[in-house]
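For clarity, chains are labelled A, B and C in written order, and residue numbers in each chain start from 1.
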Amino acid sequence: MDLIVDAVAEAWRLLRTGDNDIYGITLRTAAITGTSTLVALLIGLPLGLGLALARFPGQRSFIALANAGTGTPPVVAGLLVSIMLWRSGPLGGLGLIYTPAAIVIAQALIAAPLIVAITAAAVMALPPALHLQIRAMGANQRQYLWLIAREARLPLLVAIMAGFGAVVSEVGASMMVGGTLAGETRVLTTAAVLEVSKGQFGSALALGFILLAFILVIAAALTIVQQRARRR
Amino acid sequence: MIALAFRDIRVRRGPREVLRVPVLNVAQGETIAVLGPNGAGKSTLLLAGALLLDLAAGDIALFGERALDGRSRLRQRRLTATVFQESALLDMSARRNIETALALHSVPRADRRGRADQWLSRLGVAHLANASPHTLSGGEAQRVALARAFAIQPRLLFLDEPFSSLDPGTRAELVGELRSLLADGSTAALFVTHDLSEAQLLADRVAVLLDGDLAQHDTVEVVWSRPASPAVAAFLGYALVEPTQLPAAVTEAASIPANAGTVAIRPTAVRLSIDRTEIGSAYRGDASIVAVQGAHGRGRLLLDLGEARIAAELPVEEIRSFKVGGIVKIEIDPGGLVSW
Amino acid sequence: MLGLALLVPAACGGGGGELILATTTSTENSGLLDALVSLYEEESGDHVKIIAVGSGAAMSMGERGDVDVLLVHAPAAELAFIDAGYGVERARVMFNDFVIVGPADDPAGITGSADAAEAIEAIAAAGARFVSRGDDSGTHAKEKTLWGAAGLEVPSADGWYTESGQGMAATLTIAAETGAYTLTDRATWLSVSDSARLPLLVEGDERLFNVYHVIVVSSERHDSVNTAAAGRFRAFLLEPTTQQLIGEFGRDQYGEPLFTPYASESN
């Protein structure tokens, strides 16, 4: 119990003094997870839409694949990305290993299947007459996709929340591809794990609290957006 | 000018051919009702006409221009509007639904709100302009759907059983509403229904579809009084009997030819007689009640007349006094018999 | 947008070269490496990325050419690494020692013993709990040689002998929580917060000697290796000023230095 009290005190101290680069780490966490979620969205939304709307052989298998992808262990994703980005790997020449970009790639890979699966399910749940009606209203392909996505906006917001949740709490892949380098690729989760591995449980918990606070703020913001979207 | 022309069209669903129509035209400003039992291909015909599905064969032309694939198809589609049975309103306010439709038709942003409000008013739902679709009743939603359809000033309107899921009172109101909206003849309409009274109220002509084929295409009066085939007659509720099953007096009074194969009796041609002096050429006789039925607010007695099984329609409140096995006196108006 | 801004500089690599250093978790956790590297970066203008894994993992990354320089403490494996041609220019940097720590009530009765092999034999005989690193690290390698010296096979991991598969600090935590013995380097034991619960029981045996070497990864197999920067770092570690820094490190915080300088160009 003292450990938790100590941790709260330590968290407060870290925030007050800005020690251990806590602000840098927090900003970096925000930047990296924000970018990963965005990339995952940019990949996942169109893929999910296409999966739901197009008609092609093997459609069901792809949907099963997307659903399976939501359960991918992050450490597997991290290992795969590492193997690609290490100097010994095919993309080694890009020099991306142990950089924030590598973390974004690994995290986007983890979040994308979630977004694809939820988007596809949401669009497939729309009433069939809606598709005909939108086309009957004179929408071209682009307008049709936009209106369909808009109709499914509430579940899509859930997809965003799920994707963000997956990346912000992720540590295994971030550790592997980022190396938790101080001042460069250390984020709240990997910093916390580092403190644990050093036996510094108070600081580890403190970092954990700060991470939770960060997640809470984002979740609250997304929820406000969601409630507004309900009314529009 | 013909608003919508179908030529030799065939539509397939999987291996099955579900629609075959050699010729069907909708003239400018005309309203055509498409009638038929479930699965006859009515909605398929409508979707084909609205350029919302692909043909296996044949041509469709809108206002003289053949419908092809690609950009021109979209342009032609924008001359039309469609209203479905379950009002497919977008998840936004009623007004915004209309504004979206107007936006898709390139109406300038400044004009959209005014036009949307104007049409909401016209359909009596101006007070619902900001309402979300979830909060609307069936009738209100269909009024918004109609407002959205008419707001874009379509030259051709498609309605797929728009009032089927509404209660009778609302249904009657909206049929009247649609009638007045179509009255100025600026919009041609193709609407699907299996309610003949709607067809009678709204349509200039009726197309009867049975099993994917166009069985009859004529004015309402003609289709109703002279169905083209036993199948059409059966769909309209006629009782089908063989000439020999009827008492000779009936067939004589109706001048049924000797070589006729089937006779159809219009439901309204059979009435229960009350003791009064004989009128004209109506046949009179006794029939025994086989079944007491009712549907759609009307009562029906199934009767045995000679060897024939016929039906008489009655107001539903009168039907309760009859019992199976009872004998009633009926009159048949020979003008209500058709034969092939 | 902030994200993109953060992503770009890392890809550019800074002023000098980029050096990837693979080292052990014990040197990383002690904080020594952070101190040395920041000094080195200032002096050389190189940008160093420290990847802390076990000695075994560090060497396999060296085999693939994914790192430029190693700082490890597993002599037998290091020699094999050099012999196979993966590494060049191995040099001694510093040493400290391993110690055996365990529960205060010492069920195996090894307190004060100066014979590490005997002590470990006593633990096995008593069936007392022992946590091994079990992760191919330098510490794990040392533990295995002790079992060999005691004439025993490395025990199988069921019952009293367990493998944590984790770093030294985490293993010490497990030992403290479960009342187990473990082999640890002195530096980590000193720097981990609950070392009071886990008193030092055995030290001084010369077999517990723990020497760290720096190895430059050979560029013959992989020309992506930054041998120039690796050589600079190696030279830096062997410099008298750096050696002095190593000798002082930890004195303020723990009352004794964590490492002893031991540079030698050869070997």
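We take it that a contact is a pair of C-beta atoms (placed from the backbone, for glycine too) under 8 Å apart; a residue touches a chain by one contact, two chains touch by 3 or more.
Here the structure is a predicted model, which is why all the values come from computation and not from measurement.
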Graph class of chain-chain contacts, one of line, ring, star, complete, other: line
Innermost chain by mean C-alpha position: A
Far-end chain from chain C, centres as C-alpha averages: B
Geometric centre distance via CA averages, chain B-chain A, whole Å: 53
Centre-of-Cα separation between chain C and chain A, whole angstrom: 34
Where chain B and chain C are represented by their mean Cα positions, the distance between them in whole Å: 86
Complex interface listing, chain C residues touching chain A: 2-7, 10-11, 13, 18, 20, 25, 29, 34, 49-51, 61, 64-66, 166-167, 169-170, 172-173, 191-194, 222, 224-225
Complex contact set, residues of chain A against chain B: 127, 129-130, 132-140, 143, 147, 150-151, 153, 231-232
Sites on chain B touched by chain A in the complex: 47, 50, 52, 74, 77-78, 80-82, 84-86, 88, 90-93, 100-101, 104-105, 132, 148, 152, 158
Parts of chain A lying in touch with chain C, wherever the complex brings them together: 27-28, 30-32, 34-35, 38, 86-88, 92-93, 95-101, 104, 179, 181-182, 184-185, 196-201
